[in-house]
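Here subunit A shows up in two complexes: once beside subunit B, once beside subunit C.
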Partner chain A sequence: MKVRLGKESGILIVLLTLFVALSFISPVFLAADNLIDLVRTNVVLGILAVGMTLVIIIGGIDVSVGAMTAAVTVLLGYFTVAFGFQPLAALLVSIAGGTLLGLINGLLVTAIRVHAIVVTLGTLSIYSGITMYVTGGAWINNLPVEFIEFGRIRLFGFLPIQILFLLAVVLATWFMLRYLRIGRAIYAMGGSPVAAERSGIDTARVQQFVYAYMGFLAGVAAFVHTSIYRQVDPNAFTGFELQVIAAVVLGGASIMGGRGSVWGTLLGVALLALIGNGLTLARISSFWHKVIIGLFIVTAVSIDMWQRMRQERRMAKIDVMG
Partner chain B sequence: MRLWQPFRLTAYETTLLAVFAGLFILFSLTAPNFLSAANFRSMMVQLPELGLISLGMMVVVLTAGIDLSITFTAALSGIALAWCLSHGWPIPAAILVGLLTALLCGAFNGVFIAGLRISPIVMTLGTMILYEGIALQFTKGGSISGFPEIYSVIGSGRIAGIPVPMLIFAGAVFLTAVLLNRTAWGRSVYMIGSNPTAAEFSGIRVRSVLIRVYLFSALMAAIAAVIMTSRYNSAKVDYGSSYLLKSVATIVLGGVSIQGGAGTVKGVVLGAAIFQILSSALNLYGLSPHLVDVLTGAVLIFVLAVDLLNQKWKRRPRTRVPPASLPSEPTKPQAEASP
Partner chain C sequence: MDAVPFVRMQNISKTYPGVKALDGVSLEVRRGEIHALVGENGAGKSTLIKILAGVLKPDPGGRFEIEGEPVELRNALDANRRGISVNYQDISLFPNLTVAENITLGQDAAGWFGRVKWKDVRRRAQRALERLGVELDLQTPLEELSIAKQQLVSIARALSFDAKLIVLDEPTSTLSAGEIRHLFQVIRELRASGVSILFVSHKLDELFAIAERFTVLRDGKFVGCYDREELDEARLISLMVGREVRYHRQNRPGYDLGDAVLEVKGLSKQGHFKDIRFSVRAGEIVGLTGLVGAGRTELAHALFGLTRPDAGEIRLGGRPLRLRSPRDAVRHGIAYVPESRQLQGLVLNQSVKHNLSLAVLRRMMNRLRLLEPKREAELARNSIARLGIRPGQPEMQAGQLSGGNQQKVVVAKWLAAAPKLLIVDEPTNGVDVGAKAEIHRLLRELAASGIAILLISSELPEVLAVSHRILVMRRGRLVGEFDGEEATQEMIMEKALMGEPLDDAPKGANAG
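What follows is the complex of A and B.
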């Protein structure tokens, strides 16, 4: 518990440093408009990263998130163009589509019993292939006016409606992990699948739930994304899964499973967002973004592993003396 | 007797060979121009790139790792090579620079993964983004071209009727097979993959073996980069990035266990060959390349499912627990009864 706290406060310190540095570098940074815009453009990343956190806690991985989200944006685009925009109906269609794709992942992962990275690589190829075949790569630009109006809503005159979705997802997931049985089962399974199974947890069910939940959030993310950008680009999410995984890993989740939290992941998302925004404000060429994000990931996991190795060594010493 | 040893096939490899033969006959009969010289030539030019990346990926996966950065290692290496060529360096020097760039990428992966025991997925995910970023920064998203004419021989030339890339690939297959089956390093690779703790306790220097594993995958990426830059007559960041998914699919189809410790070069070559004739034939049928992606994914999942049924058929499942934790984690003995 202490270790996790330490790690999260480590990211927090980096975040605050960046924040202070950025407000000195650029006077625009602290402007309310910039900050709100910064949150709004990262809502989709945040929603998907929350789902990926659960997947990574159970020791799995889902590289098909980008393909799932893209598929749902296309579905949503066709649906609203054909039947008009009804907020609730559109959201339900997105969620149903996403959950179905996620459930397929979950069923395949538990049925084939191969590491999830292989299975979801397969479904990534299938989902994105179908999306590209159906759309032919063409954008959907004629979304109903009501949808576009909906995306522009600002609560109390300043808070974009999309941020509300992120808040809801974060709170619901945090509550589930902390207070519901399934949340305990998820952590138990990540800690040790064998122990979880022996203590009566249906690990296959847990896995299916987690992948379906990931799909559910991909559906929500697709809805939010479309409401922000007001058009559908079937290629918009190519390679996005890497950013999602990067945010979760930066947020302190262990890819081996068992470790990770919604708050940590949010810090990871914030870190990625600040790096991107900061580089733009500091007028550094966007080609450097990836270099810096890559270096951040390597550094973060290296420090984490180095600390863990030191800890292990210390424990080993006590073992010998005792 | 010993001479035949390398050609003996396991049951699974025989199945793969039968699938290959069956598909070959099917496509010869149904796909227009499948048997034409032009189609064979284009297949023999395309196969080596996927094959080389797959060989590199295979050796990493044998140690229960994965190298997500392999295609961008190839891209970066190709870009370094292309920069040298377009600045008038002699070809061998340029190739050497490309090779060194790739080996540097591989060493970076290997040192961190072996030294700090960082999970290969996370490390290579990070370096994948890093190498792509460096390559982007270097080319500003454009491509580098302007090579001497003779350089295109590597990608498009033929010796005795056989495309040069195919000869290079054959050499790489031979090298990989010898290294894996005839050297102490090769044995260690399999042992680390099947049980890292046991390997360490039986005196294998796991770190140095692992570092060389990532150097090997970088070497294969560098060779693939030479062929790619020569074939396209230019270098660009996203050349070859589609091979990442395909190479994992290829080796899994070829019978390599993603949990490490099991897999053969023959299987991987057969897997690559099957994917190649499949995508060529679907192309000849006039199918959309997007549907080919769908089929690639479906084939991968289908093969995994068949493999699972096959294992169930042969013996009872050892454990009911699904492999949720990463393969690189050694299985710890569980206490059966607590006091």
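What follows is the complex of A and C.
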């Protein structure tokens, strides 16, 4: 059978080109320190983007990811300050908090039945409002020393522990999409909600699951983020949802639903990271980063639409009995 | 009456890959004439109207004249400018805009920089309504009006375009008797002012009440154009259905039927169907036919848990069934192959393999509740072989298959679920003749394996080809029941067009 050159390979080519170019432009780039640091600073983006991939595959969107993650970092901050740091307990608290917020999103989306962008725009405001009210906008700086120590762990002496979380999330999600019934239901629902429902799939349950899973990953991300930055800034994730969505879209997921993959999203994250890192190394003002990332997104989406149109023309069917 | 007709179409054809939707059709509408266009579902009326409306282009070789001048319509706007206005069945107006805006939208009521000249808009709208002899508040949003009044707005819109030919596609299907009378009065007044009307309808009594001439289509071919005086209802029906039998007929199962799988009693849903009573036995193919809009699909939806009936009982295998969702139906062993398979039956951007396993994912799991790719591959292989799905590539996207093969995938998907009752809605709509025969063969095989099949179809030859028993619906009621072997197209068509509801006394398989 012929191997189709998917969209993932397109972005892979861009990525490799960028990689090679950067290693020529800046001698620092290929240094192991720079690369490892690059990965570490993008772990949070990666985790959230993996969750967002599922949301986008089912044809939804969750603009409250940033607010959810911020809310969980605050929860986690207060919890560890009050009870001390115990890795498992802290992680569980984060996950529970995130899942709860995500589940609320899912329940609202299925109950109100308006587009998810409206619902999550509402919860974005609610979650971040509550976060602000509770913290008064103040940072939490007095995290237990054990937490800070935990964040510094490097496996085998070089691999930051945070990367392990990203790996686990990626593998678990990939496995779920491929080998669990829910994974198939997610793709089916994104491709055609009507056909999915008529095949006996409970589409409301699928949506609730996906939004809850997004929340779950926001919990994981909050934990990882705090372990990296060693303090809690309630404003740290303001506007972060745009980067998350951008990574997923760059990774080839279709905003109309039905298409997307964990690997593609990882490539999207890597692309965003490389662009950012490259521009920094090239000493280009960080204000330009947004412009350039925006150009990449518009280009990627245009290519997606163009391919879609071409495919539809190929699939043009006989429509006779009007 | 002028010698030159307003519209003259001769030898008009429209070919799609594999299907000839129109084959050498003629149509002539005189000025100030009310002309009826009739034919069964799928006879080509809609295609012809779309050509008239400029939406479709005919194959080269035909003649299309407006007021004696050959034309080649580029698009709908072009047709409008030439004085042709088509009012489709589903009124294509803007529910959120006002009556005045709907009537005048798209005309040059705009001034400098696209400023809307509201005074002008209202004046034009008012004038159009006056010509119709209708009084409506110009500022009312359209969605607040009844369907009948929306229809009048739609006609007023045509008039404000200065239409000389107004095409009405099934205009009375959702109107009450009083509203129909009013519409007819409006139509007659329009004719008096020189406007031609092309009236497309299944309601023969109405056509005989209003139309002067009839153009009859059958299977995309031109049957003839007749004056009203030449016709009566029986003659018209026989012209519509013709006599040819296109498919191999097989109306005896050749094995003993099992017990009743599906029993429906007194099933009603306000506005859709009423007092439906029938049964389907194991191994039996029951054809359910009637005109589009007779309530067949709505009935199927109720049987699949997509809508909830207001009253009545559904029994499956003797046990009463309360269906709240399609999931319930699937769980109880009911499968539904919907009319629009592209939207409702398949996930087009997924592979054939994954579509096939979608309804039976539970069975694709191993002991660890993980999906077993080997089982899915096996299912795909078997289905492809059993149904002859081509090309036989499990990894191919479902959307890339032809219509007939897509349909086979949908059927195969439900076969995998081993249903007790299979409901198929217009299974051969838009598939080519060869694939049709294959799907018929498949339905027979499925029935022989003990599945009860309810076949919903508008295509009488198809219903006649495979049904052991035939039910006819009209306006939401069951109006006829025939033994498959004894039924003819004429018998069914007559019931579908004019039949009265069957009385509620129980009927056996041989009634009718």
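As a working rule, the second predicted complex is superposed on the first by the 304 of 322 C-alpha atoms of A that agree within 3 Å, B and C clash if a C-alpha of one lies under 4 Å from a C-alpha of the other, contacts with A are read in each partner's own complex, and residues count from 1 in each chain.
Just so we're on the same page, contacts are C-beta pairs under 8 Å (C-beta built on N, C-alpha and C of every residue); 3 or more make two chains touch, one makes a residue touch a chain.
What you see is a predicted model; the values in this text were computed from it and never measured.
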**Request:** Name the contact category of A:S285: first (subunit B only), second (subunit C only), both, or neither.
**Result:** first
**Request:** Examine A:L274 and indicate which partner it touches, taking first as subunit B and second as subunit C; both and neither are also allowed.
**Result:** neither
**Prompt:** Between subunit B (first) and subunit C (second), which, if any, makes contact with A:A49: first, second, both or neither?
**Reply:** neither
**Item:** subunit B versus subunit C as contact partner of A:M132, first or second or both or neither
**Value:** first
**Prompt:** After lining up the shared chain so the two structures overlap, which partner does A:E197 touch, if you call subunit B first and subunit C second: first, second, both or neither?
**Reply:** both
**Message:** Going by the contact rule set out at the top, does A:L124 touch subunit B (first), subunit C (second), both, or neither?
**Reply:** first
**Message:** Tell me which partner touches more residues of subunit A in the superposed arrangement, subunit B or subunit C.
**Reply:** B
**Message:** Quick check for you: in the superposed arrangement, does A:V72 touch first (subunit B), second (subunit C), both or neither?
**Reply:** neither
**Message:** Which partner chains sit in contact with A:I61 here, subunit B, subunit C, both or neither? Use first/second/both/neither.
**Reply:** first
**Prompt:** Does the superposition put A:R184 against subunit B (first), subunit C (second), both, or neither?
**Reply:** second
**Complete:** Check: subunit A residues flagged as touching subunit B and also subunit C 194-195, 197
**Request:** Can you check the complex and tell me which residues of subunit A touch subunit B?
**Result:** 58-61, 108-119, 121-126, 128-130, 132-133, 189-190, 193-195, 197, 203-204, 207, 242, 245-246, 249, 255-257, 285, 287-295, 297-298, 301-302, 305-306, 309
**Request:** Please give the residue numbers of subunit A that touch subunit C in the complex, ascending.
**Result:** 1, 178-181, 183-185, 187-188, 191-192, 194-202, 258-259, 311, 314-315, 317-322
**Message:** Show me the residue ranges of subunit B that touch subunit A in the complex, using the header's touch definition.
**Reply:** 66, 112, 116-119, 121-123, 125-134, 136-137, 140-141, 245, 248-249, 252, 258-259, 288, 290-298, 300-301, 304-305, 308, 319-327, 329, 334
**Asked** Which residues of subunit C touch subunit A in the complex?
**Response** 16-19, 21, 41-42, 46-47, 50, 304, 306, 325-327, 330-331, 336, 338, 342-350, 354, 357-359, 361-362, 365, 369-371, 393, 395, 399-400, 402-403, 413, 429-430
